[in-house]
Amino acid sequence: MDGMNLGMSDRLKPVHEQVVRMVRDEIMPADEEFLAEIGRDGDRWSYTPRQTEILEGLKVKARERGLWNFWLTDSERGYGLTTVEYAYLAEEMGKAHLGAETFNCSAPDTGNMEVLERYGADEHKERWLAPLLEGRIRSAYLMTEPDVASSDATNVAMRCERDGDSYVLNGEKWWASGAGDPRCAIYIVMVRTPDGSRPKHEQHSMILVPSDTHGVTKLRPMTVYGDDDAPHGHMHLRFENVRVPASNLLVGEGQGFAIAQGRLGPGRIHHCMRAIGQAERALELMCQRALRREAFGKRLAELGANYDIIAECRMEIEMARLLCLKAAWMMDQGDRRAAAPWISQIKVVAPQVALKVTDEAIQMHGGQGISQDTPLARAWTHLRTLRLADGPDAVHRRQVARAELRKYTQQPL
Amino acid sequence: MDGMNLGMSDRLKPVHEQVVRMVRDEIMPADEEFLAEIGRDGDRWSYTPRQTEILEGLKVKARERGLWNFWLTDSERGYGLTTVEYAYLAEEMGKAHLGAETFNCSAPDTGNMEVLERYGADEHKERWLAPLLEGRIRSAYLMTEPDVASSDATNVAMRCERDGDSYVLNGEKWWASGAGDPRCAIYIVMVRTPDGSRPKHEQHSMILVPSDTHGVTKLRPMTVYGDDDAPHGHMHLRFENVRVPASNLLVGEGQGFAIAQGRLGPGRIHHCMRAIGQAERALELMCQRALRREAFGKRLAELGANYDIIAECRMEIEMARLLCLKAAWMMDQGDRRAAAPWISQIKVVAPQVALKVTDEAIQMHGGQGISQDTPLARAWTHLRTLRLADGPDAVHRRQVARAELRKYTQQPL
Amino acid sequence: MDGMNLGMSDRLKPVHEQVVRMVRDEIMPADEEFLAEIGRDGDRWSYTPRQTEILEGLKVKARERGLWNFWLTDSERGYGLTTVEYAYLAEEMGKAHLGAETFNCSAPDTGNMEVLERYGADEHKERWLAPLLEGRIRSAYLMTEPDVASSDATNVAMRCERDGDSYVLNGEKWWASGAGDPRCAIYIVMVRTPDGSRPKHEQHSMILVPSDTHGVTKLRPMTVYGDDDAPHGHMHLRFENVRVPASNLLVGEGQGFAIAQGRLGPGRIHHCMRAIGQAERALELMCQRALRREAFGKRLAELGANYDIIAECRMEIEMARLLCLKAAWMMDQGDRRAAAPWISQIKVVAPQVALKVTDEAIQMHGGQGISQDTPLARAWTHLRTLRLADGPDAVHRRQVARAELRKYTQQPL
Amino acid sequence: MDGMNLGMSDRLKPVHEQVVRMVRDEIMPADEEFLAEIGRDGDRWSYTPRQTEILEGLKVKARERGLWNFWLTDSERGYGLTTVEYAYLAEEMGKAHLGAETFNCSAPDTGNMEVLERYGADEHKERWLAPLLEGRIRSAYLMTEPDVASSDATNVAMRCERDGDSYVLNGEKWWASGAGDPRCAIYIVMVRTPDGSRPKHEQHSMILVPSDTHGVTKLRPMTVYGDDDAPHGHMHLRFENVRVPASNLLVGEGQGFAIAQGRLGPGRIHHCMRAIGQAERALELMCQRALRREAFGKRLAELGANYDIIAECRMEIEMARLLCLKAAWMMDQGDRRAAAPWISQIKVVAPQVALKVTDEAIQMHGGQGISQDTPLARAWTHLRTLRLADGPDAVHRRQVARAELRKYTQQPL
């Protein structure tokens, strides 16, 4: 293979152009009305008829245009896009609140669908994957628990015990993103299935739990800087004697980590791609504000350090995008171990850059910036979660450092 | 005078000790229940009986103990504390949600009471200052407007026209902090009273508007990163032909800026003192978490850069506190012009340091940090507003730079 | 064209491999001896026989292997490399003190040779370009002056007056890099040739001045943090009635800026590419030190924030390299105006990243780091000059901001 | 004691005023000529007659005026200044190259004199302390060694073996600051005197070695970013069978650490005070340049982010100074253990702030800034050494973090 092509492929260009236009002309304008509807009829955890109309309308249009399930890497059912190609689309989707869902490319569903595709039995695919691929239901991924440090995933403690043809689950999960959505039908759950004969990283399993299973209680939504993110929601759930068929266990006992690792690579980078789109949107708003608003007889752009701030934001975005594309390209080369430190790198960089750019855009907007009148504050709180989700920064920096030091030593690190 | 005493005076120590204990032992434990009550009976903009009981209970206790109106600088009715002395108390109050209000030292009331004290007529004092001093009503300060850059206060545009014995006000104000509170009875409003015969900084006036005046509409609460801060609230208000007696105008037409400047010095620094208290609280939570939580077989404290993070936070807090005390001391010297750049300095530094420390504390707490389960996320959003309130960072940095450069030139800057 | 290939081309790989090996195995080991020879026989501004032997020996080897003049973009005399391809080689050359010169790719000669190639008359090419291409002489580029702010190049003030068939130059230049070298035979000089009939950017010209012309005085070497960089040298020169043939003027009066702009693009990016190589070298030394040195019973790598520091350095280098490659790729597309903001971006980023990485490497080395015992301190001072050379950071950030804002306005910026 | 007085005492003011004036009017103007003389008569490691004249002339004047040995904390022979008072003087001394030495307050002599005063025998005082107090000789402190990580001082390895009435020393020391000075007559040397019966921190001793003792070889000056700092010098020394009388050992075997700790507190903070003076000087030069120099038709002050840069520098200096004064005040309280984390804090902060301010001043000066034409580049390299001298930043941050965490735990850290 000659070189490292990080540009847009010719085949992607027309698709990209369609996505750009649909995000800008149809989805962005719909966002505001959709968000204003939340809780309008008294329940923040259901969709109003108007919300359904907006969202499903967008989905139907996208699907009719063939703009659907871009993340699918096989070319039979999907476009067979490379990760690099997907990055260009994901960036655009990141610019609008309903961007990803319109094209059935939302987190955590894309990751969950990949899990079902790779590790699910035929009946799982039929029952859960099929409707997910069609955007008829949604899903959640239950990993984190309130009582343990999830940065070290071997801490996951939810009990899962075999009882005849069933497994019985007990414990709590939180930050179950999307579990607030009334359409969320299926949970993929990391559980502890201890077995003294297996090593430390084979003490956990992944199991499917329908959201309406007896014994599952939604304790509360976790709020993000005060925002409950309804109706999506990051739920705190309690499992009390939750019983599911033994066949719901994916692959086999002890395979939890193997499945999680496979899931996390693409999931992490998709978040990063969208974060870069959010950063671009924030810079755009910042520049427009800087040119429109006046104080002390000048445009804001011409005051103080604003040129420098704008320049810094542009430079950081460019670097983050290139790093993201490089990480995507590494994934496309097929060597997961070689790609891992690149994913860690972008997992650290993209949220921080997007947070910084968004924060500067907020500051340039004054009181409006922190308010509901721009998408900036909402974007910021979402981006802030990404410094913790799928591993906090510190863990990823550690991975990057170890990869670096291993070039020079064979001793353990 | 010999030297620059930034320490706690002997007379302050017993008072300080009482405040420390009351904040820690009585107010902090009450915060959580108080906050959980918001909106419990369906209306986020009123107090539940339990909330009233908690808050008024604390106030009664504080007042009985003589811990009340510390900000009052005259020694007849108050303690006659210096600004330096007040700083030590304000820091403690900043550590709890109900800290300042318990001792009748809340923003924006302290600033507003000072305005009424210095510039109010006797009838204003009787009607508004007296109940404010007793904590029976609350107040708001209406400055910022949605359509103009308030960083340049000469932009303030709300019309205020004389009509017989009245003034008639028309326009919009937003970020009227505290105007959501049902107890908020009086607004101090910056308005435009143009007069071609006066210079640019004498085109504005300050006028009192009772909150129940006909023509005042609460359009909506502004949210701060999604949080409406109910029932305090940062309200967006519309004034349509709001008519008040001409005697409600403070001092005289054209005196708006003079009054605002007098108000802002203490107001700004009180925010900074409390911000430092919030930073201390965040560092305390961070350390406790670092010692309590384990991952990879170690306490968090011993992982990665956490020692360095804790050290950096400690150093930045110490420096911010000292700078705040120095600014307070400058104010105590009585030369407002000399003190101004010091207030600008701490106005830039304190929120940024407190935001940084709080952000690191949040990161150390993982998902819990961004959630409702610690005071950290709420503190962060409040602190973030301080980088904009009473002048954005950029304006204050500009003031500091100009003061510096004026040492070397007499040309205009 | 399909995409944006930032990788190494297949044709480049064997050349790159040869350069990597020669830098690592032959040039790096020679650096130390070469540097230790400076001033050994009492004159810091000449080469000792051993220095000549080392340097010329390396050049002969490189040329015999065909590793010569990589910067030449035409494929007749050179490799016809793209800027992207050149970047990969320049990075390697940056790792050793004699790296660039060994392959006849030194600054400022490459830029000067391009000027002669594009704008020189045949006689200029014969007399100056030919020996430069063969590495027999060296050259300097005289732009900056002590009495004016060169960030605004219209300030350049050296007088250049026509007198019959000659031009006569008077004034001072400083930071004439390479003018200390006894082999430096030719200066390309920016001068002021005022003409009231031409616009502001056509008041300057570029003229060739042999270094031995009567009236040229080397006043002194400018030191960089105390280092005179002998025998290369950054000289402060005085021109008193320096007379050269009128034919030495390049292209025509008033073309100075046009020539300078053409020169600066490649020159700037070559500096950046080498800076990234220096950063890589510094990170390598840092990691080796972190693994080798012990304190408090542990390897330095395992102490404090060192993992995080190493990770940050790795991430910043990757981003800077990608941005540099992107800027190179933009230049290869042939639209100089479109490429300009990209060159400004990397001109800001590359030195800062390389300085940061080098500074961290120095800190990890303790006292050794700031001393003559590693290449780090020398690298740092060189890199520090790059934040000023060819335009200070502030000017380039301004260019980036203006390019950004122009997307949204057609008003002047 | 009431409060924490960080201001200038009344008794200090006239002295301070004299020091300010002498530094500004006599020492600063002399600096330039003094520095230009270095190496003028062919030997960088001796003083030219003119240098001697300048330096001794200043010393005589200072001493005649009673401006001498301010660091002496007893009020019989000195002023009996508090550390806070000394800080105000040290800041002024830091502004000029010859500032500290003029008043006999140079590093490392002040620290060495304190060692001799506290731990020296009468004969040591007579032979070494007396001439040091009079500024007739100078001294060096030999701690760091090339082969071990000195951040962990238990690594110090120079052998010191008893042989009859003598000790015999073997090994190497480097970064012996001041050992290049021909007047340097005495070394205080940390050596290893192993004794299996004593704990880890009692394996070292401190011993006096006259600089002309047989067996001492000056291998070379260590350079700091290429600068040899002649004739002061940071020397690399070899000790081969260096024999001194057994009575030269201070206090007793195993007391090395105890002595070093006592020495380091004041030594560290004196460096910090002077660093703040250097930062003030840099900011002054920055502002003057910003007002004097023009580009693009404006003063530099009005371009780009320069206002913000100036403001940031002012704020950081104020905070660093206050922290330094607080640390000094803590030392004055007499509890060394309580003061230790404060010294660590300012040891981290002061050099970093001064480096940052100096770097910004350099950038504002363009090429002139990095050159010999301002004191900035020289200041920068000196300040950079302070991030390593007397413990690298990382070690001090670690101390600060441990002090913080110990508030919440009694477990080992």
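The chains carry the letters A, B, C and D, assigned in the order they are written, with residues numbered from 1 in each.
Just so it is clear, a residue touches a chain if its C-beta (ideal position, glycine included) is under 8 Å from a C-beta of that chain, and two chains touch if they have at least 3 such contacts.
These are the chains along with the protein names UniProt gives them: A, B, C, D = Acyl-CoA dehydrogenase, short-chain specific.
Predicted, not measured: the structure shown is a model, and the values here were computed from it.
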At the largest C-alpha centroid distance from chain A we find chain D
More contacts between chains, A-C or B-C: A-C
So, what's the distance in Å between the C-alpha centres of chain B and chain A? 37
List the centre-to-centre spacing of chain B and chain C in whole Å, with centres computed as mean CA coordinates. 53
Taking each chain's centre as its mean C-alpha position, how far apart are chain A and chain C in Å? 43
On chain C, where are the residues touching two or more other chains? 304-308, 394, 397-398
Any idea which chain C residues touch chain D in the complex? 144, 146, 149-152, 155, 174-175, 222-227, 293-296, 300, 303-306, 363, 366-373, 377-378, 380-381, 384-385, 387-388, 392-394, 397-398
For the complex, give me every residue of chain A touching chain C. 2-10, 283-284, 287-288, 290-291, 301, 306-308, 310-312, 314-315, 318-320, 322-323, 326, 345, 348-349, 394, 396-405, 407-409, 411, 413
Given the complex, residues on chain B that touch chain C span 304-305, 307-308
